[in-house]
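Please read the structure below before turning to the comments.
So that you can tell them apart, the chains are marked A, B, C, D and E in the order they are listed, and the count of residues begins at 1 in each.
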Amino acid sequence: MNGLEFSGTLSRIDLLIAGAWTTVWISGVSMVLGLLIGLACAVAMGVNRPVRLIVLTYIEIIRNTPFLVQLFVVYFGLPSLGIRLSPVTSAIIGLSIYGGAYLAEIIRAGIDNVPPGPIEAARALGMRSTTIFGSIVLKPALASIFPALSGQFVLLLQSSSLLSAISVAELTGAGNDIQSLTVRNFEAFVFVAGFYILLTTGFRLIFAGIARTSFRFKYLGR
Amino acid sequence: MSTQNAGAVPAVEIEQMDKYYGQFQSLTGVSLTISQGEKIVVCGPSGSGKSTMIRCINALEQHEGGKLMVLGREVTKDRASIDAARKATGMVFQSFNLFPHMTVLENCMIAQRKVKGTSQKEARDLALHYLERVRIPEQADKYPSQLSGGQQQRVAIARALCMKPAIMLYDEPTSALDPEMVKEVLDTMLELAKEGTTMVCVTHEMGFARSVADRVVFMDKGRVVETAPPKEFFDSPQSERAKTFLAQMLH
Amino acid sequence: QGEASSLDAIIAKGKLSVCTSFSTPPYGITDADLKPAGFDIAVANLLARDLAVELELVDVASQARIPSLNGGNCDVLISSFGVTAERAKTVWYSVPIYVDTQTVIAPSSTNFSSYEDLVGKNIGVTRGSTNDTLLTENALPGTNIMRFEDAATGNQALFSGQVDGLVSGTAAAFTITKETDQFKPQFPMRTSPMGVGIRKGETDLLQWVNTEIMLLWNSGELQAAQQEWIGTVNEDLHNYWF
Amino acid sequence: MFQQFTFNHVLFLAQSTLVTLQLVGIALAGGAVGSAIITAMLISPIRPIRWLAELFVFIIQGTPIIVTLFMAYYGLPMMGLNLDQTWSMTFAFAIFTSAFLGEIWRSSLAAVPKGQWESAHALGLSWRTTMGSIIVPQAMRIAIPPSIGFLVQLVKGTSVVSIIGIAELTRAAQIVSNATFKPLPVFLTAAAFYFAINFPLTMLSRHLERRFKVGGMVKSH
Amino acid sequence: MSTQNAGAVPAVEIEQMDKYYGQFQSLTGVSLTISQGEKIVVCGPSGSGKSTMIRCINALEQHEGGKLMVLGREVTKDRASIDAARKATGMVFQSFNLFPHMTVLENCMIAQRKVKGTSQKEARDLALHYLERVRIPEQADKYPSQLSGGQQQRVAIARALCMKPAIMLYDEPTSALDPEMVKEVLDTMLELAKEGTTMVCVTHEMGFARSVADRVVFMDKGRVVETAPPKEFFDSPQSERAKTFLAQMLH
């Protein structure tokens, strides 16, 4: 195995592109679902102690066990309870639940970090708590955690690399296919790494763009 | 429900009000009656309970003992009474507390829209009206972070005014401003004061107190120590505490 | 890959290091005492015995087999290692030690008799295995090929009903069918010889392994191992020898 | 049918947990040295050195650990480094750790207020004294909670080596699940083991975070 | 190396000094000579370059044009000249900048130990001496976060004094304090000023300027606009800018 030999990998680049696309869309859908779960949990944490405890249990269990194990539980474990999900569905559910736990914490922190001043001002103006949450708290909260959100998305994207374990044909899986076809393992993974870095960078840019348009107020300082 | 005097109802009536933060008693037996249209300046050393009192009037804090009436209606734990107190009062904070994610105009419109259900157009017109009153209509589409401190505070005043409160409460509205901006905000307030809305203002701007206030309320350690017209208060304070306080204020 | 004889080196260090898998029944599994067992491991034991050295087993996943061998993690690779032309460019094979017949194993209630029956079904394979290549090459459009990281994961998919069928050797199928009648092999697809993997250039080691296999066949020990673990004996194995 | 999922298997999982901890330990030891170097490079006044370290962090943080793993696993032998499986894993994790901890430590140093540098300069303290006596002691407190947080990630991250067949906890669970064909209880047990390692770490990290944030860093003396 | 006048060397001599932040020119042709023992108060609107000037004297910033001499030695990019300038000057920042992980005593000792190599005992004695001078010896073993703002600032002053600088530089030392703490710090500075060390202080405390300063330096837009004894400056400022500035300062 002396010398690098990229031609075998290059000629199968379409596999990598297809894998990258799977990675992107599954991660994207899971991120959105995860955000919803995270938001719901973040709000629920503020409800009362029992609810808070339930949410914290969920968060701690997910954060302290490997995603791969969670994935196996969903894909191989649930059928023994009569719930049979396709690899892609399992992947999306697994990733969303996984991401949701992290996002819940981040969003909670964002909500807690909204300065009390504007909230008091809103109360002084007679607004009710639901209005205050929706109109005054949410947007600044999201704005302040946006870097963390985008970081979490990148981590989610990377976690999706484990999905090939349950036969989802994502980027790492495609890399594995190529390496078994070409028997040029290192070359295949140089490409895979390159694709991930491209995706990561691309997503960071997109997120930065979203931040600049949606949270314009943050970037207008004097 | 209200102990109405003959003629006009007092804007604010406080009787033996107590307020605790946990163990700590922040207000002790505070009594004060403010007539409608009156201008009150509240002063006193740090921690004396000035903010606490003003926040109680706005029902941002709940008092524990005594009685508080705003426009003749008692403020209790009851949601409706709290809403009524907030409707009657407008609050301007030391640190402006504008909504950072909304433009100046949106800041002035949101409460009208969400609390009063005013239409978009009406809310906008009223907001622009008050922005003109505080002399910054041209800043309407900027975000707070693009404004100077003085301008931000004037937006905060306009925002409060948009709810047409009977009583304006100011909590050290100029103390977070650079010297050059203090003047523009004080001028704005002075102008508004001339128009007859009731005003309660915590401030240490003695010049302002002299020229605007009907009465100065001096607080210390959670109590109202002295209440007097400004001239009397500044030239011949009665209590020892006020004397030393004034001496320090003027170095 | 030095000049020195790798066979001599093995003897000198007194240890034969074998890359294999502990989660590929019946070739490599763990028994009730959690000790490695299975056909590949039996062969590894025989090799070590006849070299008169200690045996060291290195558990590697399917797709890591070639890199592990070439990376020097072990001396030989005995891990249900099917012979393919592509792989033979990178490693050397000994003469086959077993010829498996590939099949689809599926729940007993199903009847697959040709590739046509697989259309529209979820069929699992181990990623990068010879089963993978076989199915990829022969499957008709509409067959949903699902690639799992290793035999363990693939088996789990079959057992949890996540796939309708699993391409596997009859040997692997036997491990399952001898335990339960819920699954059965369907139609034979192709025969697939398996050899011992050796790093390119290690002529003396290859030579020794080939000789040893012949001797094991001759003494009947290879057949006994096949019988014990796979449940059948490859009577025509020597037809595949080169 | 098949083997029962017995206490023996649970013991086997427990043993494999030790392998996981071993992996973490070695990765951490290698990573600590690596992170110190990367941190030093990241704050270096010499731009090309800084860029190099930033590029390194960028690539490693932009790549899933499993891909780093494959690269080390397949790539090292190509460079003539014949490490065995465990060592090539360790190498991959040390690289992974260096990139993440290096960045955590750099930002902790940067989080020390600029005024601290300035007043040290104004007092005439040398760069070394400023760093050693003023900046690093403060940065360390800032760095502890995220470093522990990363440790949790690392413990979980080691599960991916199962894919190349090191008999750590996740791989052990696969082996047992394949022998018993009872994936759900087996993987839940494995999850419990991970949880037992990580939960105390998470709690510790949260506790420290809260303490350093609320109490200010000094009151904790 | 130094353009020595007859008699004593000036404490600070600035000639046509320029300073840029990137494109932005923060100081333009600043000239100022400060004799030893002189007390200078620097004032001017926000952004006028007061901090920049004082930071240049301390060599925290490097000036780009002109000449700066501290105790007769020119400050250049040369390491030794920077060290000399820092040795000659002590700096007290608006935001105290105490080392939070060290006790008050340790804060005062570290530079003595590490820069001068003073023995543990001597450093300790001197630290305690200066802590007494700023009237907080009893706080020696506390951590900064356990002190009030005024106390923290006094520690910062003691810390600087421990290095026995010929020139003390203060950058708005009281502006981060609440009114009651301002007085204690100003009193401390006033007492120190009586002893003859050279002092350059950026402040807007006009009472302090009147009673302490030998000269007031008024800056605007990066230039020194006016330099005059305090009485003259406050009672009859020459420049228009100073007039409006003073008018606003005093409302």
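Keep in mind that, in the parts below, contacts are C-beta pairs under 8 Å (C-beta built on N, C-alpha and C of every residue); 3 or more make two chains touch, one makes a residue touch a chain.
This structure is a prediction, so every number in the text was calculated from the model and none was measured.
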Query = What is the touch distance from chain B to chain D, in steps?
reply = 2
Inquiry  = Centre to centre, using CA atoms, which chain is the farthest one from chain D?
reply    = B
Key: Chains linked by the largest number of contacting C-beta pairs   = A-D
Note = Expressed in whole Å, how far the mean CA point of chain A lies from that of chain B is 46
Task = Could you give the separation in Å between the centres of chain A and chain C, each centre being the mean of its C-alpha atoms?
result = 38
Request  = Find the geometric centre of each of chain C and chain D from their Cα atoms only, then give the gap between the two centres in Å, rounded to an integer.
outcome  = 36
Inquiry  = Taking the mean of the C-alpha atoms as each chain's centre, how many Å separate chain A from chain D?
reply    = 20
Request  = List, in ascending order, every residue of chain C touching at least 2 other chains.
outcome  = 67, 70, 149, 153, 156, 160
Inquiry  = Where in chain A do residues touch at least two different other chains?
reply    = 1, 72, 76-77, 80, 165, 179, 185
Of all residues in chain D, the ones touching two or more other chains = 73-74, 77, 162-163, 177, 183
Set of all touching chain pairs, with the criterion as stated earlier = A-B, A-C, A-D, B-E, C-D, D-E
Remark   = So, in the complex, the side of chain C touching chain A is made of residues 63, 66-67, 70, 86-87, 89-90, 124, 127-129, 132, 146-149, 153, 156-157, 160-162
Key: Residues of chain C touching chain D in the complex   = 21-23, 25, 29-30, 32-34, 58-61, 64, 67-68, 70-73, 149-153, 155-156, 159-160, 179-180
Key: Residues of chain B defined as touching chain E within the complex   = 45-46, 178-180, 182-183, 186, 204-205, 207, 248-249, 251
Key: Footprint of chain C on chain A - complex, ascending   = 1, 72, 75-77, 79-80, 84, 87, 164-167, 169, 173, 176-177, 179-183, 185
Query = Once bound in the complex, which stretches of chain D touch chain A?
reply = 58-59, 61-68, 70-71, 73-75, 77-78, 152, 156-157, 159-160, 162-163, 170, 173, 177, 182-184, 187-188, 190-191, 194-195, 197-199, 202
